[in-house]
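First chain A sits with chain B, and in the next complex the same chain sits with chain C.
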Partner chain A sequence: MSAQALLEIADDELILGWRNSEWTGIAPFLEEDVAFSSIAQNEIGHARALYALAAEELGTTPDELAFDRAPDEYRCSRLVALRLVPDWARTIARHHLYERADAIRIAELKSHSDQRIAGLAAKIEREETYHRLHAEMWHERLREEPRYVEALGELEPLLEQRDAGIEELAPLWEEMTMVRRSVPGATW
Partner chain B sequence: MVSEAEVWEALAEVPDPEIPVVSVVDLGVIRSIQVDGSRVHVEFTPTFLGCPALEAMQTAMSERVQALGAEAEVEVVLDDSWSTDRITPAGRERLRAAGFAPPVPRAAAAPTLVQLQRGAFRCPYCGSAGTRLDNLFGPTPCRSIRYCTSCRQPFEQFKTI
Partner chain C sequence: MIFEVFRRERKGQPFQHAGSLDAPNAAFAEAYAREQYGRRGESAALWIAPRSALREIDDFVDELGRNYHRVDGYPLKEKLKEARERAGTAGDR
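Here is the complex of A and B:
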């Protein structure tokens, strides 16, 4: 598997983790505040492990891959780059679309010939099971709601777009890399 | 020179940073210990990949091994060797006594929503199986929140992964 293919998944997980964390403190109710915060933590953990594998191949570090690239070098899907707070219907639509697509991708990686990639994918899948259950629960709850149905239709085409999210990603990139850029060369 | 058994004993005193009633040995996150003369190599796997305490755990384990007079190398292994089935019987009992329902054994397939919503999860306080799922997620990635309808106590359920 090429480092670029690993980066695609890692970028998706990192950026979605940041977007999910935007609900921390302001979700419609406390349970969802906890859920999206916890999912964000998991996604960023997956990104860290995937960047570590890519970094070995590219001769760099996970932090450099996560934070030192320019916004237009990220390979994430446009779906995850969108800032969706405070729109709950679109947030759940993205959650459902992403988890469904990610499940297929992770299942494929589990049978990868590189044992380290296959092993990491299997570990990621254990955690993603709970993200999928959460998405499934909300999908069942909202599936008849016109706003939710409309959001699914609007967002689904964005899943496969990987070069068009720069205008959404740039402001997040500013925020995400601010601390690291403030102290060049820091080793924290 | 230290023995492997002495290293296991020493690591059994390193608490999990988020649930300090259990040690890293209770949790089953130590995958292997190799002693080579005065050098000790420990392999451990995080419970969850987003664990913010990995470095703290590595440092705590290294310090315990060094206190035995050995050189320590603690390696984080990100493979699929850990599941909640690796939590020891003693670890499960310590979790229960502290109000965390221990994880149910992992079945061949991943858990389903129906199982989690209707399954017989026991309250760690009164032992009743009359509990309901309140939230799939909890204060740390490894926990869900359930509510006991018998003793009216919310409690934390260790997720099965």
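Here is the complex of A and C:
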């Protein structure tokens, strides 16, 4: 598996983790706030582990891959780059679409010939099981809701778009890398 | 809908009340209970029950003050002293 293919998944997880974390403190109710924030945190953890694998191959570090590339170098899907706060219906539509697609991708990685990749995929899968449980219960609850159905139709085509998200990603990148850029060369 | 959550810290230990949560149905309650009481490895198992399924009783009458039924604070020291004196063994120890 090429480092570029790993980066694609890592970028998806990092950017989605950031976008989902924008709900922390303002999710529709307290229990959901805790659950959704925890999912966001998991996604960023997955990104970190995937960047570490890619970094070994590319001779760099996970932090450099996560934060020191230009916005147009990220390989993430346009779906994850969208800022959806405060639209919960679209947020859950993205969550459902992403988890469904991610499940297929992770299942494939589990049988990868590189043991490190297969092992990491198995670890990620154990956490993603709960993300899917969460996405499915919301999907069941909202499936008749017109705003949700509309959001699914609107967002689904964005999943496979990997080079058109720069206008959505640029403002997030500014925010995400601000602290790191503020003190060049610092080790936190 | 309020759900009460009970957690067992380790296998073999009793379940104890962990807290309560608000969820629209049992599926949500399960997901939220996992997040709040199981995510950090702090529980070996959870019980989740709608509060409405629990029966609370809090009326324990004791009109005649029969405090000899109770096990708390039963003063044994004085009684033991008297018994020893009667038996003539008070100075033995």
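We take it that the second predicted complex is superposed on the first by the 188 of 188 C-alpha atoms of A that agree within 3 Å, B and C clash if a C-alpha of one lies under 4 Å from a C-alpha of the other, contacts with A are read in each partner's own complex, and residues count from 1 in each chain.
We take it that contacts are C-beta pairs under 8 Å (C-beta built on N, C-alpha and C of every residue); 3 or more make two chains touch, one makes a residue touch a chain.
Here the structure is a predicted model, which is why all the values come from computation and not from measurement.
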TODO: After lining both complexes up on chain A, report clash or fit for chain B versus chain C.
DONE: clash
TODO: Examine A:S38 and indicate which partner it touches, taking first as chain B and second as chain C; both and neither are also allowed.
DONE: both
TODO: Scan A:F29 for contacts with chain B and chain C and give back first, second, both or neither.
DONE: second
Open item on the list: Per the contact definition in the header, classify A:T129: touching chain B only (first), chain C only (second), both, or neither.
Closed with: first
- [ ] Classify the contacts of A:M137 with the two partner chains as first (chain B alone), second (chain C alone), both, or neither.
- [x] both
- [ ] Identify which of chain B and chain C touches the larger number of residues of chain A.
- [x] B
- [ ] Using the superposition described at the top, list the residues of chain A that contact chain B and also contact chain C.
- [x] 31, 34-35, 38, 130, 133-134, 137
- [ ] Over in the complex, which chain A residues touch chain C? Could you list them?
- [x] 29-32, 34-35, 38, 130, 133-134, 137, 140-141
TODO: Could you please specify the touching residues of chain A with respect to chain B in the complex?
DONE: 31, 34-35, 37-39, 41-46, 48-49, 52, 115-116, 119-120, 122-127, 129-130, 133-134, 136-137
Task: Touching residues on chain C, where the partner in the complex is chain A - done: 21-24, 27-28, 31-32, 34-36, 39
- [ ] Note which residues of chain B are touching chain A in the complex, please.
- [x] 45, 48-52, 78-83, 110-113, 116, 134-141, 145, 159, 161
